[in-house]
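The letters A, B, C, D, E and F name the chains in turn, as written, and every chain counts its residues from 1.
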Amino acid sequence: MTISPVIKKDYLNQLASDGKRADGRKMNEYRPIVIETDIIGKAEGSARVTIGNTQVVAGIKMAIGTPYPDTPNQGVMSTAAELIPLASPDFEAGPPRENAIEISRVVDRGIRESDVIKFDELCIIPGEKIWLCFIDIHIIDYDGNLFDASSLAALAALLTTKVPIEQHRESLEPLIEKFPDIQTYLDTHQNDYPLPVREPPISCTFAKFNNTIVVDPALDEEEIADVRLTVATDEKGDIRAMQKGLNGSFSVEEIKNIIKEAVINGKELRIKLKESIGR
Amino acid sequence: MTISPVIKKDYLNQLASDGKRADGRKMNEYRPIVIETDIIGKAEGSARVTIGNTQVVAGIKMAIGTPYPDTPNQGVMSTAAELIPLASPDFEAGPPRENAIEISRVVDRGIRESDVIKFDELCIIPGEKIWLCFIDIHIIDYDGNLFDASSLAALAALLTTKVPIEQHRESLEPLIEKFPDIQTYLDTHQNDYPLPVREPPISCTFAKFNNTIVVDPALDEEEIADVRLTVATDEKGDIRAMQKGLNGSFSVEEIKNIIKEAVINGKELRIKLKESIGR
Amino acid sequence: MTISPVIKKDYLNQLASDGKRADGRKMNEYRPIVIETDIIGKAEGSARVTIGNTQVVAGIKMAIGTPYPDTPNQGVMSTAAELIPLASPDFEAGPPRENAIEISRVVDRGIRESDVIKFDELCIIPGEKIWLCFIDIHIIDYDGNLFDASSLAALAALLTTKVPIEQHRESLEPLIEKFPDIQTYLDTHQNDYPLPVREPPISCTFAKFNNTIVVDPALDEEEIADVRLTVATDEKGDIRAMQKGLNGSFSVEEIKNIIKEAVINGKELRIKLKESIGR
Amino acid sequence: MKSDKQLIDETGIRSDGRKPDELRNVIIKAGVLHRADGSCYLEWGGNKVIAAVYGPREAIPRHSQNSLRAIVNARYNMAAFSVDDRKRPGPDRRSREISKVISEALEKVILTDYYPRAAIDVNIEVLNAEAGTRCAGLTAAGVALADAGIPLKDIPVACAAGKIGATEEDGTFTGGHVVLDLGKEEDNFGNADLPIAIAPRTNEILLLQMDGHLSSDEFERALDYAIKGCHDISKLQKEALLKKYNVSEGDE
Amino acid sequence: MKSDKQLIDETGIRSDGRKPDELRNVIIKAGVLHRADGSCYLEWGGNKVIAAVYGPREAIPRHSQNSLRAIVNARYNMAAFSVDDRKRPGPDRRSREISKVISEALEKVILTDYYPRAAIDVNIEVLNAEAGTRCAGLTAAGVALADAGIPLKDIPVACAAGKIGATEEDGTFTGGHVVLDLGKEEDNFGNADLPIAIAPRTNEILLLQMDGHLSSDEFERALDYAIKGCHDISKLQKEALLKKYNVSEGDE
Amino acid sequence: MKSDKQLIDETGIRSDGRKPDELRNVIIKAGVLHRADGSCYLEWGGNKVIAAVYGPREAIPRHSQNSLRAIVNARYNMAAFSVDDRKRPGPDRRSREISKVISEALEKVILTDYYPRAAIDVNIEVLNAEAGTRCAGLTAAGVALADAGIPLKDIPVACAAGKIGATEEDGTFTGGHVVLDLGKEEDNFGNADLPIAIAPRTNEILLLQMDGHLSSDEFERALDYAIKGCHDISKLQKEALLKKYNVSEGDE
């Protein structure tokens, strides 16, 4: 460790002791959030999310594929996050590492376990043809709190995704003879239509350093944090997913308090998300 | 080379000159062997084998797959060995290296070339559906002679494997209409049944150091050995497979003597194997 | 950089200033070229090309496969080059690196974009079965100018390739019932027949060092070259492909002059190629 | 896949006969491997897990070294035959995530600053998997670390709680009950899973993940259950270590 | 796949309404990222590209260092969602070739001997792809290098020219016209593509690739067009840098 | 796949016209490559193999070095086009096992302690494969090592023997004959294969593998055959080296 991180750490710890943060925020305050959607013409859904200087782009591609044998009537989703070297001097090219894998898995579980996508409405021919939904998350600029930025970007992209039936109609029509069922699907879905979704849970991430807990840690804060907790809550304030990270620990009380804050912040973020997608 | 291995080498060489081994065994004597079967509930067959401190677990998974085009009536087997870092400070995580590949290929050939598995009895629908048999060998504790321990574990697991037709019956029944042949198979195989096998060959491994040849080399002995020879013999004393290893050499006479010893030891090991599987 | 390369560089630069090359060639002169074909019994087409000391072997394998959905009536080709460690002390084992990828892609484009292979004549059953054509290029001895040697070897191999219908007839006949079309194909192709091809473009490669431009750079020249240009021209003298390499630059005039030289040299190489394949 | 599974009856008895706050059977043996510096074999219900510790030893490659403390590399791996459908050997995304969260949990209790530039490697091998392998693996790792003589602030221990009930055919979930230590069927058809690891002396939470759906109240109850489960398992860890120590005393 | 596409009409107007020597719309913004040492966002027709520069910094691993100069690593990458059919993440053979030719082109204009043993990393991310991404990427990289303050002999810039006409059903091609800056349809159904990069002060050619079919005369015309296109884009590069500088001046 | 193939007739003549102890035709040329330190081209029946030796040179990476002797890295590789069905480029499990046993065989005859910290790289490329490529490759490697001037105790040489007869439709095997140097058909339908390598001066056995079914008596006969085959091939190795030496003497 060179001197400068030590000084930075002391400075941030000192500020925290006085109830302050380096960028002037309150402990329970997010940085400014901007959500833009429909930014990628080639994608069926897309969003760019900035939280402070952190910037994430998510794109959704829909394709027609084969269902898993044990869920013949359900669509399939897959989530990947790439910490591309564009975003940080510390990110390397190559296959995804632990951090990228953790982000993609936490975002994926948040969406999957809460049934955000109505998978049973993504079946075209039971056992034969379903919609695949690929969520790809690109970290473009890294200034902390990738969990929340990635989750928001994925949700904003999903909630504005169109199922591209017009483009795939031609490839499905020859199958009518073999699978008459498909006629109904094609008749009822003449045009591209919104991906069928449910109300999503919203992720809020907290970090602890010097025994202070802050929401939406910036990179400086993440670097000195002992421990991190992400909590996803739904519109009723119920908990839908949690993930603790880093090699520190929380007390039971700290976790209970974080959950309360996550519900409060989640409500604000939910409003921002809805505004961005025009609902 | 640090001092300690040199001293150990001199010590073992000195012992060998006096016809002795560090653990008191005779030159043609195996360490104690324990074979337990049916230890993994999820596997269709399994065994744990210890030879002295060396410990190996083998598990068999059976699945339904497609035959190779040139053998439409035959099942398929595949063997993999993993030298997991659990077993030795020198094993690394990652894709299998030369040593693991050699072990898995030698075990595989010993089983395959002697037709231990009756592949023609693993056909369900000719050209369409056959049983796949996956042999996975995990080295748990490494104290030398992985060839024999792996081979014994794989055989003990195979010889106690049940073909899990009950669990797969449901997936096969819908195919009766298309492939009426399958009815016969399902009728004659109501319940899980033992994997059809033949009498296997038994592997014995020898190492040479200081011009002495020992059977079942312990790790200490392997580390100083010039050359290694594995010989698999059948119940008639015929040779079914051989593999020389390490960068030393044997004379023709040495090889002939090793074969004689392999036949003798093979008989004892065969008895132990049969006892363990209750035959 | 050690001394010796510096001295070599000065020497070659000095020679170039006097209009000379280390091996006595003129600036626009190729080293001796030898092209042998049909050297690999297992391959459907093959060639060994030497340009001076550089030696390349190309082999063609044909197999039956499935067409891409968007080109249901067309065969498929694929090109791979391997800079195997046999050929140079600097080549390493492992997956292909940038240089091997660039060579294979430039050779591939030269063949693909000029429609050298008549892909529409490689269709067996539209949408179902087509011929796959694999071009594999092995660099055996590396003394510079791999682009031209690889391209010539691939072309000589392709132009002498036989479509192995005799060997695959048996696997196609059972499909006649399902796809009656195939009967016509089998009737009209009783025997192995030459791969249907068009007149190919010919690659010529130039290098610049010390402001001198030479054709067919030897390894010594490549090592000190600032920049490289490969130009493929057809029998009419039209340009069919170009690729600039290395981190130097050309002026517009230099490029125009190189194109003229590429047309002249291309004619000579084309004659050599045709002689080698007996046309 | 969900179905109308009834996972708990009206008297509060679960499908495998356990009470809501009852653990599955757990067996722990310390020092089971010859080669490792410390090791543990653990059965937890149908789970069978081995953990082996190597180190502290010089971290390789050198650029992975931390000049102030030891690095902790936990590697969670499932044997190909440990699951219903054979798993391809080698790490997948799931096992890499679990390796990461276990590494982070263990690092907190290891006195890593005693060993600058060193690595402590913790290998967890799942031989048979039946719900809850990450808790089983972390618990075994705690014993193996102690068996290896690695200086620890506390022996880490893990356990999960969750919510079960009945999932109707239309996918709705009814009658949720918070229960301790989900079994295989409960894991597949249940509605929430909350695995945690703690340092039992202080109840500090070292690992925490949650999937599913819990109200704040349910969460607090589940957390209580899981902490209680950790303390029960912690006793078994200590007994296993004591037993090995006594046996060693006697034998050698 | 080719078809009887009419890509240019008898009055010389192309299917997207452009004249033969007309560029698509280009928007360039310098300094768009917080973390990178220099960056650029560029839209070129439907292409959307970001470039980020890191360095000069110590080249790692050490054996990759050149003791006389900095090495230049350009990495061209397409986002999975940037194309019609989702692209598998990670480099493929095409992107590795493009990374190589861009690296070579950039190296010529960077004063690499100022920074022995260093690496200059240029990351080019294609977010939306519609023909001409390598030119868009290299052009963005030129701006990002300047934005990072890397000493340059010149700001490199790229543009393509090509040949379009009509491809009949039998695959023959008729009525070729040399045009500037092929669009998506022109790229798919056209008959030649000639992407180049130049150092605009000297017109030195830094990158040159050609696929298709051009007579010598057509080639010379295409090269003229592409060089002219480069100069037009070069002005936009400088405006973007100036704008960022002015804004910065004013703001800070 | 086995069938009722008759591989040898009642007069002891094999399906390709050879007698039981007759080798296929072997052609060896030393020094065929310009770049390698030593090289050899070898045809053995339908097999075509090239071997190239580089070294001794500094072993890289450094942690692979042995401070007491040179390490020997043989790399056996099959060209994609060398077999009936195109082989995917790159090493597979079979080629990695063969590389290992060849490396071990060669190491025994190389005076590796002359070159501490060095590597001797032996690259074996199979261009056309027709049964017996590992013997052909090792034999070519022996010549290439000598051609490179690597100090050797002996020039290693390899040859196989085996057992052929008739395999009935029911899979039983009848009428086994021990024969030298199995050809392609004999390898596919035969009943045993015993490839060995020796140091011909001492008959020390450097490589030995066996698959199939041999009684002890058959094994001893096969071993005798294979050793005899090795000695015949050994002469051809020496002639090839001598020829190159003479030619070099004469030419230069």
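Criterion: a contact is a pair of C-beta atoms (placed from the backbone, for glycine too) under 8 Å apart; a residue touches a chain by one contact, two chains touch by 3 or more.
Worth saying up front: this structure is predicted, and the values here are computed from it rather than measured.
Using the contact threshold fixed earlier, the set of chains in contact with both subunit C and subunit E is empty.
The chain with its Cα centre farthest from the Cα centre of subunit F is A. Subunit A and subunit B have Cα centroids lying 47 Å from one another. If each chain is reduced to the centroid of its CA atoms, subunit E and subunit F end up 52 Å from each other. Spacing of subunit B relative to subunit E, judged by their CA centroids, is 57 angstrom.
For subunit B, the set of residues touching two or more other chains is empty. Multi-chain contact residues of subunit F, defined as those touching 2 or more other chains: none present. Viewed as a contact network, the protein chains form a single closed ring in which every chain touches exactly two others. Round the ring, the chains follow in the order B, D, A, E, C, F when counting starts at subunit B and proceeds to subunit D. By the touch criterion stated above, subunit C contacts subunit F in their complex at residues 39-43, 46, 53, 55, 57, 59-61, 63, 80, 82, 84-89, 93, 95-96, 134, 136, 138, 140-143.
Taken in their complex, subunit A has these residues touching subunit D: 1, 70-71, 98, 101-102, 104-105, 109, 113-115, 229, 234, 237-252, 255-256, 259-260, 263.
Of all the residues in subunit F, the ones that touch subunit B in their complex are 1, 67-68, 72, 93-94, 96-97, 99-101, 103-105, 107-108, 171, 194, 199, 203-216, 219-220, 223, 227. Residue ranges of subunit E in contact with subunit A, taken from their complex: 33-36, 46, 48, 50, 52, 54, 57, 75, 77, 79-86, 89-91, 121, 123, 125, 127-130.
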